[in-house]
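Take a look at the structures listed below.
The two complexes that follow have subunit A in common; it is paired with subunit B in the first and with subunit C in the second.
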Partner chain A sequence: MKYRVRIAIKPGVLDPEMETLQRLLKRSGVSDIQQVVHTQQYDICLNESVPAEEAERVVRALAEDVLANPEIHEWTIEAL
Partner chain B sequence: MKYRVRIAIKPGVLDPEMETLQRLLKRSGVSDIQQVVHTQQYDICLNESVPAEEAERVVRALAEDVLANPEIHEWTIEAL
Partner chain C sequence: MTVSARAIAVLRFHGTLCERDCLAAVQQLPDVNAYYVSAEADAFPKQTQAIIVPGGFSYGDYIRPGAMARTAPITRALKRQAEAGTPIIGICNGFQILCEVGLLPGVLLKNRDGRFICRDVRLGVVSRRSPFLRKTESTPLRIPVAHKYGQYFVHPETYASLQANDQIALQYVNERGAADDASNPNGSIGNIAGVTNGAGNVLGLMPHPERRSMPWDRGQDGKRFWESLLV
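Here is the complex of A and B:
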(Lines of atoms letter the chains of each structure in order from A and count residues from 1; the text may use other names and numbers.)
(Lines give C-alpha, C1' and ligand atoms only; values in the text may rest on other atoms or scores of the structure.)
Protein backbone atom coordinates (compact mmCIF):
# COMPACT_ATOMS: atom_id res chain seq x y z
CA MET A 1 0.00 0.00 0.00
CA LYS A 2 1.44 3.32 -1.06
CA TYR A 3 0.56 6.89 -0.15
CA ARG A 4 1.89 10.22 -1.36
CA VAL A 5 2.15 13.08 1.12
CA ARG A 6 2.80 16.53 -0.36
CA ILE A 7 3.79 19.39 1.92
CA ALA A 8 4.10 23.08 1.02
CA ILE A 9 4.32 26.38 2.85
CA LYS A 10 0.83 27.89 3.40
CA PRO A 11 0.02 30.76 1.06
CA GLY A 12 0.99 34.02 2.74
CA VAL A 13 3.63 32.41 4.98
CA LEU A 14 7.23 33.38 4.18
CA ASP A 15 9.52 30.49 3.22
CA PRO A 16 12.93 31.54 4.62
CA GLU A 17 14.79 28.96 2.51
CA MET A 18 13.26 30.22 -0.73
CA GLU A 19 13.75 33.87 0.32
CA THR A 20 17.44 33.13 0.83
CA LEU A 21 17.64 31.35 -2.51
CA GLN A 22 16.07 34.30 -4.30
CA ARG A 23 18.44 36.76 -2.56
CA LEU A 24 21.40 34.55 -3.52
CA LEU A 25 20.25 34.47 -7.14
CA LYS A 26 19.85 38.26 -7.28
CA ARG A 27 23.30 38.73 -5.76
CA SER A 28 24.72 36.34 -8.39
CA GLY A 29 23.26 38.48 -11.15
CA VAL A 30 20.33 36.14 -11.94
CA SER A 31 17.47 38.64 -12.13
CA ASP A 32 15.10 36.65 -14.36
CA ILE A 33 13.62 34.47 -11.60
CA GLN A 34 10.49 35.95 -10.03
CA GLN A 35 9.43 33.26 -7.59
CA VAL A 36 10.40 29.79 -6.41
CA VAL A 37 7.76 27.60 -4.73
CA HIS A 38 9.06 24.56 -2.86
CA THR A 39 7.00 21.41 -2.30
CA GLN A 40 8.15 18.30 -0.47
CA GLN A 41 6.81 14.95 -1.58
CA TYR A 42 7.05 11.74 0.45
CA ASP A 43 6.05 8.41 -1.11
CA ILE A 44 5.30 6.07 1.76
CA CYS A 45 5.16 2.29 1.31
CA LEU A 46 3.36 0.29 3.99
CA ASN A 47 3.24 -3.46 4.60
CA GLU A 48 0.50 -5.06 2.50
CA SER A 49 -0.93 -6.70 5.63
CA VAL A 50 -2.04 -3.35 7.11
CA PRO A 51 -5.77 -2.66 6.67
CA ALA A 52 -6.39 0.43 4.50
CA GLU A 53 -8.05 2.36 7.32
CA GLU A 54 -5.14 1.75 9.70
CA ALA A 55 -2.63 2.59 6.93
CA GLU A 56 -4.25 5.92 6.28
CA ARG A 57 -4.29 6.67 10.02
CA VAL A 58 -0.53 5.93 10.27
CA VAL A 59 0.30 8.09 7.22
CA ARG A 60 -1.87 10.94 8.46
CA ALA A 61 -0.15 10.88 11.87
CA LEU A 62 3.26 10.80 10.18
CA ALA A 63 2.39 13.82 8.03
CA GLU A 64 0.86 15.82 10.89
CA ASP A 65 3.29 14.97 13.68
CA VAL A 66 6.61 14.46 11.92
CA LEU A 67 6.82 15.69 8.33
CA ALA A 68 4.76 18.89 8.40
CA ASN A 69 4.60 21.83 10.75
CA PRO A 70 0.87 22.63 10.98
CA GLU A 71 1.65 26.27 11.82
CA ILE A 72 3.29 26.98 8.48
CA HIS A 73 2.57 24.04 6.16
CA GLU A 74 -0.41 22.73 4.25
CA TRP A 75 -0.38 19.11 3.17
CA THR A 76 -2.32 16.52 1.19
CA ILE A 77 -2.46 12.71 1.31
CA GLU A 78 -3.20 10.67 -1.80
CA ALA A 79 -3.45 6.88 -2.08
CA LEU A 80 -1.34 5.68 -5.05
CA MET B 1 7.29 31.28 -17.97
CA LYS B 2 7.21 28.49 -15.40
CA TYR B 3 9.37 25.41 -14.90
CA ARG B 4 9.17 22.52 -12.47
CA VAL B 5 12.40 21.00 -11.18
CA ARG B 6 12.08 17.68 -9.34
CA ILE B 7 15.01 16.33 -7.37
CA ALA B 8 15.36 12.91 -5.76
CA ILE B 9 18.13 10.76 -4.34
CA LYS B 10 19.63 8.48 -7.04
CA PRO B 11 18.51 4.87 -6.78
CA GLY B 12 21.02 2.94 -4.70
CA VAL B 13 22.22 6.03 -2.79
CA LEU B 14 21.30 6.09 0.91
CA ASP B 15 19.13 9.02 2.01
CA PRO B 16 20.31 9.75 5.58
CA GLU B 17 17.24 11.86 6.38
CA MET B 18 14.84 9.08 5.37
CA GLU B 19 16.96 6.43 7.14
CA THR B 20 16.69 8.51 10.32
CA LEU B 21 12.94 8.93 9.84
CA GLN B 22 12.47 5.16 9.42
CA ARG B 23 14.58 4.43 12.54
CA LEU B 24 12.56 7.01 14.49
CA LEU B 25 9.30 5.41 13.35
CA LYS B 26 10.48 1.89 14.34
CA ARG B 27 11.59 3.19 17.74
CA SER B 28 8.14 4.81 18.19
CA GLY B 29 6.47 1.46 17.58
CA VAL B 30 5.36 2.22 14.00
CA SER B 31 6.42 -0.95 12.21
CA ASP B 32 4.03 -0.80 9.25
CA ILE B 33 6.07 1.59 7.12
CA GLN B 34 8.46 -0.18 4.74
CA GLN B 35 9.98 2.70 2.83
CA VAL B 36 9.79 6.48 2.48
CA VAL B 37 11.00 8.11 -0.75
CA HIS B 38 11.55 11.86 -0.62
CA THR B 39 11.32 14.12 -3.68
CA GLN B 40 11.82 17.89 -3.71
CA GLN B 41 9.85 19.97 -6.16
CA TYR B 42 10.64 23.57 -7.10
CA ASP B 43 8.22 25.56 -9.25
CA ILE B 44 10.22 28.39 -10.76
CA CYS B 45 8.57 31.47 -12.27
CA LEU B 46 10.64 33.59 -14.64
CA ASN B 47 9.98 37.02 -16.10
CA GLU B 48 7.86 36.74 -19.24
CA SER B 49 10.44 38.81 -21.15
CA VAL B 50 13.10 36.08 -20.95
CA PRO B 51 13.44 34.07 -24.18
CA ALA B 52 12.54 30.38 -23.69
CA GLU B 53 16.05 29.17 -24.48
CA GLU B 54 17.65 31.52 -21.96
CA ALA B 55 14.99 30.64 -19.36
CA GLU B 56 15.73 26.95 -19.67
CA ARG B 57 19.47 27.63 -19.38
CA VAL B 58 18.93 29.63 -16.15
CA VAL B 59 16.68 26.94 -14.64
CA ARG B 60 19.09 24.17 -15.63
CA ALA B 61 22.01 26.02 -14.00
CA LEU B 62 19.94 26.62 -10.85
CA ALA B 63 19.06 22.91 -10.61
CA GLU B 64 22.60 21.69 -11.28
CA ASP B 65 24.58 24.25 -9.30
CA VAL B 66 22.31 25.18 -6.39
CA LEU B 67 19.34 22.87 -5.80
CA ALA B 68 20.75 19.41 -6.57
CA ASN B 69 23.97 17.66 -5.63
CA PRO B 70 24.95 15.81 -8.81
CA GLU B 71 26.84 13.19 -6.78
CA ILE B 72 23.74 11.91 -5.03
CA HIS B 73 20.69 13.41 -6.79
CA GLU B 74 18.89 12.87 -10.03
CA TRP B 75 16.67 15.65 -11.35
CA THR B 76 14.25 16.54 -14.10
CA ILE B 77 13.10 19.86 -15.61
CA GLU B 78 9.64 20.28 -17.05
CA ALA B 79 8.14 23.39 -18.67
CA LEU B 80 4.69 24.06 -17.17
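Here is the complex of A and C:
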Protein backbone atom coordinates (compact mmCIF):
# COMPACT_ATOMS: atom_id res chain seq x y z
CA MET A 1 0.00 0.00 0.00
CA LYS A 2 1.47 3.30 -1.09
CA TYR A 3 0.65 6.87 -0.17
CA ARG A 4 2.01 10.18 -1.38
CA VAL A 5 2.22 13.07 1.08
CA ARG A 6 2.82 16.54 -0.35
CA ILE A 7 3.74 19.36 1.97
CA ALA A 8 3.90 23.06 1.15
CA ILE A 9 4.29 26.32 3.05
CA LYS A 10 0.93 27.94 3.79
CA PRO A 11 0.14 31.16 1.94
CA GLY A 12 1.29 34.14 3.98
CA VAL A 13 4.30 32.38 5.53
CA LEU A 14 7.59 33.80 4.29
CA ASP A 15 9.79 31.41 2.29
CA PRO A 16 13.07 33.29 1.70
CA GLU A 17 14.32 30.69 -0.82
CA MET A 18 11.31 31.03 -3.09
CA GLU A 19 11.32 34.83 -2.74
CA THR A 20 14.95 34.84 -3.85
CA LEU A 21 14.19 32.50 -6.73
CA GLN A 22 11.37 34.76 -7.93
CA ARG A 23 13.61 37.79 -7.68
CA LEU A 24 16.35 36.06 -9.66
CA LEU A 25 13.90 34.88 -12.29
CA LYS A 26 12.65 38.42 -12.71
CA ARG A 27 16.23 39.67 -13.01
CA SER A 28 16.94 37.14 -15.73
CA GLY A 29 14.02 38.41 -17.76
CA VAL A 30 11.22 36.00 -16.76
CA SER A 31 8.62 38.54 -15.74
CA ASP A 32 5.33 36.63 -15.92
CA ILE A 33 5.80 34.47 -12.83
CA GLN A 34 3.33 35.26 -10.06
CA GLN A 35 4.54 32.82 -7.43
CA VAL A 36 6.72 29.76 -6.93
CA VAL A 37 5.81 27.31 -4.15
CA HIS A 38 8.29 24.74 -2.94
CA THR A 39 6.62 21.38 -2.20
CA GLN A 40 8.09 18.38 -0.45
CA GLN A 41 6.90 14.96 -1.51
CA TYR A 42 7.10 11.76 0.53
CA ASP A 43 6.07 8.36 -0.85
CA ILE A 44 5.26 5.99 1.98
CA CYS A 45 4.91 2.24 1.49
CA LEU A 46 3.16 0.12 4.09
CA ASN A 47 2.95 -3.66 4.38
CA GLU A 48 0.10 -5.07 2.31
CA SER A 49 -1.23 -6.81 5.43
CA VAL A 50 -2.20 -3.47 7.02
CA PRO A 51 -5.93 -2.74 6.63
CA ALA A 52 -6.59 0.37 4.51
CA GLU A 53 -8.24 2.28 7.34
CA GLU A 54 -5.30 1.66 9.67
CA ALA A 55 -2.81 2.53 6.92
CA GLU A 56 -4.49 5.86 6.29
CA ARG A 57 -4.52 6.63 9.99
CA VAL A 58 -0.77 5.91 10.24
CA VAL A 59 0.07 8.07 7.23
CA ARG A 60 -2.16 10.91 8.43
CA ALA A 61 -0.49 10.85 11.85
CA LEU A 62 2.96 10.78 10.28
CA ALA A 63 2.14 13.74 8.06
CA GLU A 64 0.60 15.75 10.87
CA ASP A 65 3.02 14.91 13.69
CA VAL A 66 6.40 14.74 11.97
CA LEU A 67 6.53 15.60 8.26
CA ALA A 68 4.50 18.81 8.47
CA ASN A 69 4.17 21.52 11.05
CA PRO A 70 0.48 22.54 11.09
CA GLU A 71 1.47 26.08 12.06
CA ILE A 72 3.16 26.76 8.72
CA HIS A 73 2.37 23.90 6.36
CA GLU A 74 -0.56 22.56 4.44
CA TRP A 75 -0.47 19.02 3.12
CA THR A 76 -2.34 16.51 1.00
CA ILE A 77 -2.38 12.73 1.19
CA GLU A 78 -3.04 10.67 -1.90
CA ALA A 79 -3.38 6.88 -2.15
CA LEU A 80 -1.31 5.61 -5.08
CA MET B 1 7.94 28.88 41.87
CA THR B 2 10.46 30.07 44.44
CA VAL B 3 12.28 26.80 45.20
CA SER B 4 15.84 27.08 43.95
CA ALA B 5 16.74 24.40 41.43
CA ARG B 6 20.11 22.72 41.95
CA ALA B 7 19.61 19.33 40.27
CA ILE B 8 19.78 20.22 36.60
CA ALA B 9 19.34 17.84 33.67
CA VAL B 10 21.03 18.67 30.36
CA LEU B 11 19.20 16.86 27.59
CA ARG B 12 21.16 15.24 24.79
CA PHE B 13 19.69 14.20 21.44
CA HIS B 14 21.74 12.67 18.64
CA GLY B 15 23.33 15.74 17.10
CA THR B 16 23.07 18.04 20.12
CA LEU B 17 26.25 20.13 20.25
CA CYS B 18 26.12 22.65 23.08
CA GLU B 19 25.59 20.28 26.01
CA ARG B 20 29.12 20.60 27.40
CA ASP B 21 28.95 24.39 27.47
CA CYS B 22 25.56 24.21 29.21
CA LEU B 23 26.82 21.68 31.76
CA ALA B 24 29.92 23.77 32.53
CA ALA B 25 27.85 26.96 32.79
CA VAL B 26 25.62 25.55 35.53
CA GLN B 27 28.25 23.40 37.25
CA GLN B 28 30.32 26.46 38.15
CA LEU B 29 27.54 27.59 40.50
CA PRO B 30 27.65 26.53 44.15
CA ASP B 31 26.04 23.19 45.11
CA VAL B 32 24.69 22.47 41.64
CA ASN B 33 24.44 18.87 40.51
CA ALA B 34 24.19 18.84 36.71
CA TYR B 35 24.07 15.70 34.56
CA TYR B 36 23.31 14.59 31.02
CA VAL B 37 20.08 12.81 30.17
CA SER B 38 19.83 10.94 26.89
CA ALA B 39 16.92 11.46 24.51
CA GLU B 40 16.68 7.66 24.41
CA ALA B 41 15.71 7.59 28.10
CA ASP B 42 12.05 7.22 29.12
CA ALA B 43 12.25 9.51 32.13
CA PHE B 44 14.34 12.11 33.92
CA PRO B 45 16.10 11.17 37.18
CA LYS B 46 13.71 11.71 40.09
CA GLN B 47 15.75 14.51 41.66
CA THR B 48 15.57 16.70 38.51
CA GLN B 49 14.54 20.27 39.35
CA ALA B 50 15.32 22.00 36.06
CA ILE B 51 15.97 20.94 32.46
CA ILE B 52 18.16 22.48 29.75
CA VAL B 53 17.54 21.54 26.09
CA PRO B 54 20.80 22.71 24.45
CA GLY B 55 21.49 23.83 20.92
CA GLY B 56 23.01 21.95 18.02
CA PHE B 57 21.61 19.99 15.11
CA SER B 58 19.49 17.25 16.65
CA TYR B 59 19.01 14.40 14.17
CA GLY B 60 20.90 16.46 11.58
CA ASP B 61 17.98 18.91 11.25
CA TYR B 62 16.33 16.22 9.08
CA ILE B 63 12.82 17.15 7.85
CA ARG B 64 13.02 20.48 9.76
CA PRO B 65 15.06 21.66 12.74
CA GLY B 66 13.57 19.97 15.80
CA ALA B 67 11.01 17.90 13.90
CA MET B 68 12.56 14.48 14.53
CA ALA B 69 12.67 15.13 18.27
CA ARG B 70 8.95 14.45 18.37
CA THR B 71 9.70 10.78 17.94
CA ALA B 72 12.33 10.56 20.75
CA PRO B 73 11.38 8.54 23.87
CA ILE B 74 12.32 11.40 26.22
CA THR B 75 9.76 13.74 24.65
CA ARG B 76 6.84 12.28 26.63
CA ALA B 77 8.79 12.69 29.85
CA LEU B 78 9.65 16.25 28.86
CA LYS B 79 5.95 17.00 28.43
CA ARG B 80 5.17 15.48 31.84
CA GLN B 81 7.88 17.65 33.43
CA ALA B 82 6.51 20.74 31.69
CA GLU B 83 3.02 20.01 33.00
CA ALA B 84 4.41 19.46 36.50
CA GLY B 85 5.90 22.97 36.43
CA THR B 86 9.61 22.06 36.14
CA PRO B 87 11.64 25.02 34.85
CA ILE B 88 12.72 24.15 31.29
CA ILE B 89 14.90 26.21 28.94
CA GLY B 90 15.40 25.44 25.26
CA ILE B 91 18.31 27.21 23.59
CA CYS B 92 18.54 27.61 19.79
CA ASN B 93 17.90 24.09 18.48
CA GLY B 94 16.42 23.41 21.94
CA PHE B 95 13.93 26.22 21.27
CA GLN B 96 13.13 24.72 17.86
CA ILE B 97 12.55 21.36 19.55
CA LEU B 98 10.25 22.80 22.21
CA CYS B 99 8.18 24.44 19.46
CA GLU B 100 8.07 21.30 17.33
CA VAL B 101 6.97 19.04 20.21
CA GLY B 102 4.22 21.52 21.09
CA LEU B 103 5.54 22.79 24.42
CA LEU B 104 5.88 26.30 23.04
CA PRO B 105 3.76 28.13 20.46
CA GLY B 106 5.09 29.07 17.03
CA VAL B 107 7.85 27.86 14.79
CA LEU B 108 11.36 28.96 13.81
CA LEU B 109 11.61 29.65 10.09
CA LYS B 110 14.69 30.24 8.00
CA ASN B 111 16.20 33.68 8.70
CA ARG B 112 14.71 36.57 6.76
CA ASP B 113 17.84 36.91 4.58
CA GLY B 114 18.27 33.13 4.28
CA ARG B 115 21.76 33.17 5.81
CA PHE B 116 23.40 31.67 8.89
CA ILE B 117 24.01 34.42 11.47
CA CYS B 118 26.65 34.24 14.21
CA ARG B 119 27.06 37.44 16.20
CA ASP B 120 26.26 39.23 19.45
CA VAL B 121 22.77 40.64 19.88
CA ARG B 122 21.21 42.81 22.55
CA LEU B 123 18.31 41.31 24.47
CA GLY B 124 15.60 43.18 26.29
CA VAL B 125 13.76 41.19 28.95
CA VAL B 126 10.04 41.77 28.44
CA SER B 127 8.73 39.32 31.03
CA ARG B 128 10.52 37.70 33.97
CA ARG B 129 7.98 34.92 34.49
CA SER B 130 10.49 32.25 33.50
CA PRO B 131 12.55 30.94 36.46
CA PHE B 132 15.61 31.46 34.22
CA LEU B 133 15.01 35.21 34.00
CA ARG B 134 14.51 36.23 37.61
CA LYS B 135 17.99 37.76 37.90
CA THR B 136 18.10 39.69 34.64
CA GLU B 137 17.44 43.15 36.06
CA SER B 138 19.85 45.30 34.06
CA THR B 139 19.27 45.08 30.34
CA PRO B 140 19.96 44.91 27.47
CA LEU B 141 21.89 41.65 27.82
CA ARG B 142 24.75 40.96 25.38
CA ILE B 143 24.52 37.37 24.19
CA PRO B 144 25.37 35.80 20.80
CA VAL B 145 23.07 34.10 18.33
CA ALA B 146 24.24 31.38 15.93
CA HIS B 147 21.51 30.07 13.70
CA LYS B 148 20.03 29.74 10.24
CA TYR B 149 16.49 28.95 11.38
CA GLY B 150 15.80 31.65 13.93
CA GLN B 151 12.94 33.65 12.49
CA TYR B 152 10.22 33.25 15.10
CA PHE B 153 6.83 33.02 13.46
CA VAL B 154 3.28 32.85 14.77
CA HIS B 155 -0.01 33.79 13.16
CA PRO B 156 -1.40 37.21 14.16
CA GLU B 157 -4.03 35.76 16.50
CA THR B 158 -1.37 33.73 18.36
CA TYR B 159 0.84 36.82 18.54
CA ALA B 160 -2.00 38.75 20.17
CA SER B 161 -2.50 35.97 22.72
CA LEU B 162 1.25 35.89 23.48
CA GLN B 163 1.08 39.60 24.24
CA ALA B 164 -2.09 39.29 26.29
CA ASN B 165 -0.70 36.40 28.37
CA ASP B 166 2.71 37.97 28.98
CA GLN B 167 4.45 35.14 27.10
CA ILE B 168 6.92 37.29 25.17
CA ALA B 169 10.04 36.91 27.32
CA LEU B 170 12.88 38.37 25.25
CA GLN B 171 13.19 40.79 22.36
CA TYR B 172 16.06 41.84 20.11
CA VAL B 173 16.69 45.49 20.96
CA ASN B 174 19.12 48.33 20.21
CA GLU B 175 21.53 49.92 22.69
CA ARG B 176 18.73 52.07 24.09
CA GLY B 177 16.52 49.05 24.66
CA ALA B 178 14.13 49.75 21.80
CA ALA B 179 12.93 46.84 19.64
CA ASP B 180 13.55 48.36 16.20
CA ASP B 181 13.88 46.57 12.88
CA ALA B 182 17.63 47.22 12.60
CA SER B 183 18.18 45.18 15.79
CA ASN B 184 16.19 42.23 14.48
CA PRO B 185 18.79 39.76 13.16
CA ASN B 186 16.44 37.25 11.56
CA GLY B 187 13.06 38.85 10.88
CA SER B 188 11.30 37.42 13.94
CA ILE B 189 7.77 38.71 14.42
CA GLY B 190 7.72 41.49 17.02
CA ASN B 191 11.54 41.16 17.40
CA ILE B 192 10.85 38.08 19.54
CA ALA B 193 14.01 36.31 20.73
CA GLY B 194 12.34 34.17 23.40
CA VAL B 195 8.87 33.08 24.53
CA THR B 196 7.39 31.11 27.40
CA ASN B 197 4.47 28.74 27.61
CA GLY B 198 1.25 29.91 29.23
CA ALA B 199 2.34 28.79 32.70
CA GLY B 200 5.72 30.52 32.35
CA ASN B 201 7.90 27.55 33.37
CA VAL B 202 8.99 26.65 29.81
CA LEU B 203 11.24 29.17 28.05
CA GLY B 204 12.69 28.98 24.55
CA LEU B 205 15.18 31.43 23.06
CA MET B 206 17.50 31.58 20.05
CA PRO B 207 20.51 33.32 21.70
CA HIS B 208 23.07 31.22 23.62
CA PRO B 209 23.43 32.32 27.28
CA GLU B 210 25.85 29.41 27.92
CA ARG B 211 28.35 31.15 25.62
CA ARG B 212 28.53 34.20 27.89
CA SER B 213 28.76 32.36 31.21
CA MET B 214 32.36 31.42 31.91
CA PRO B 215 35.17 33.63 33.31
CA TRP B 216 37.03 33.44 29.99
CA ASP B 217 34.00 34.39 27.88
CA ARG B 218 33.69 37.87 26.36
CA GLY B 219 31.08 38.92 28.94
CA GLN B 220 29.04 36.99 31.49
CA ASP B 221 25.49 38.20 30.86
CA GLY B 222 24.38 34.61 30.19
CA LYS B 223 25.40 33.54 33.69
CA ARG B 224 22.38 35.37 35.07
CA PHE B 225 20.10 32.79 33.49
CA TRP B 226 21.67 30.07 35.64
CA GLU B 227 21.95 32.23 38.76
CA SER B 228 18.24 32.92 38.38
CA LEU B 229 17.58 29.26 39.16
CA LEU B 230 19.23 29.61 42.55
CA VAL B 231 17.21 32.62 43.69
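Throughout what follows, the second predicted complex is superposed on the first by the 64 of 80 C-alpha atoms of A that agree within 3 Å, B and C clash if a C-alpha of one lies under 4 Å from a C-alpha of the other, contacts with A are read in each partner's own complex, and residues count from 1 in each chain.
In this text, a residue touches a chain if its C-beta (ideal position, glycine included) is under 8 Å from a C-beta of that chain, and two chains touch if they have at least 3 such contacts.
Keep in mind that what you see is a predicted model, and the values were worked out from it rather than measured.
Undergrad: Looking at A:69 after the superposition, I want to know if it touches subunit B, subunit C, both of them or none. Which is it: first, second, both, neither?
TA: second
Undergrad: According to the stated criteria, A:17 is in contact with first (subunit B), second (subunit C), both, or neither; which is it?
TA: second
Undergrad: Between subunit C and subunit B, which one touches more residues of subunit A when both complexes sit on the common chain A?
TA: Comparing subunit B with subunit C, the partner touching more subunit A residues is B.
Undergrad: Now for A:55: first (subunit B), second (subunit C), both, or neither, which partner does it touch?
TA: first
Undergrad: Where on subunit A do the contacts from subunit B and from subunit C line up?
TA: On subunit A, the overlap between the subunit B and subunit C contacts is residues 66.
Undergrad: Quick check: in the complex, which residue numbers of subunit B touch subunit A?
TA: Per the stated touch rule, the residues are 21, 24-25, 30-47, 50, 54-55, 58, 62, 66.
Undergrad: Considering the complex alone, what residue numbers of subunit C touch subunit A?
TA: 63-64, 67-68, 70-71, 100, 106-107, 109-114, 151, 153-155, 187
Undergrad: In their complex, what parts of subunit A are in touch with subunit C?
TA: Interface residues on subunit A, with respect to subunit C: 13-17, 20, 65-67, 69, 71-72.
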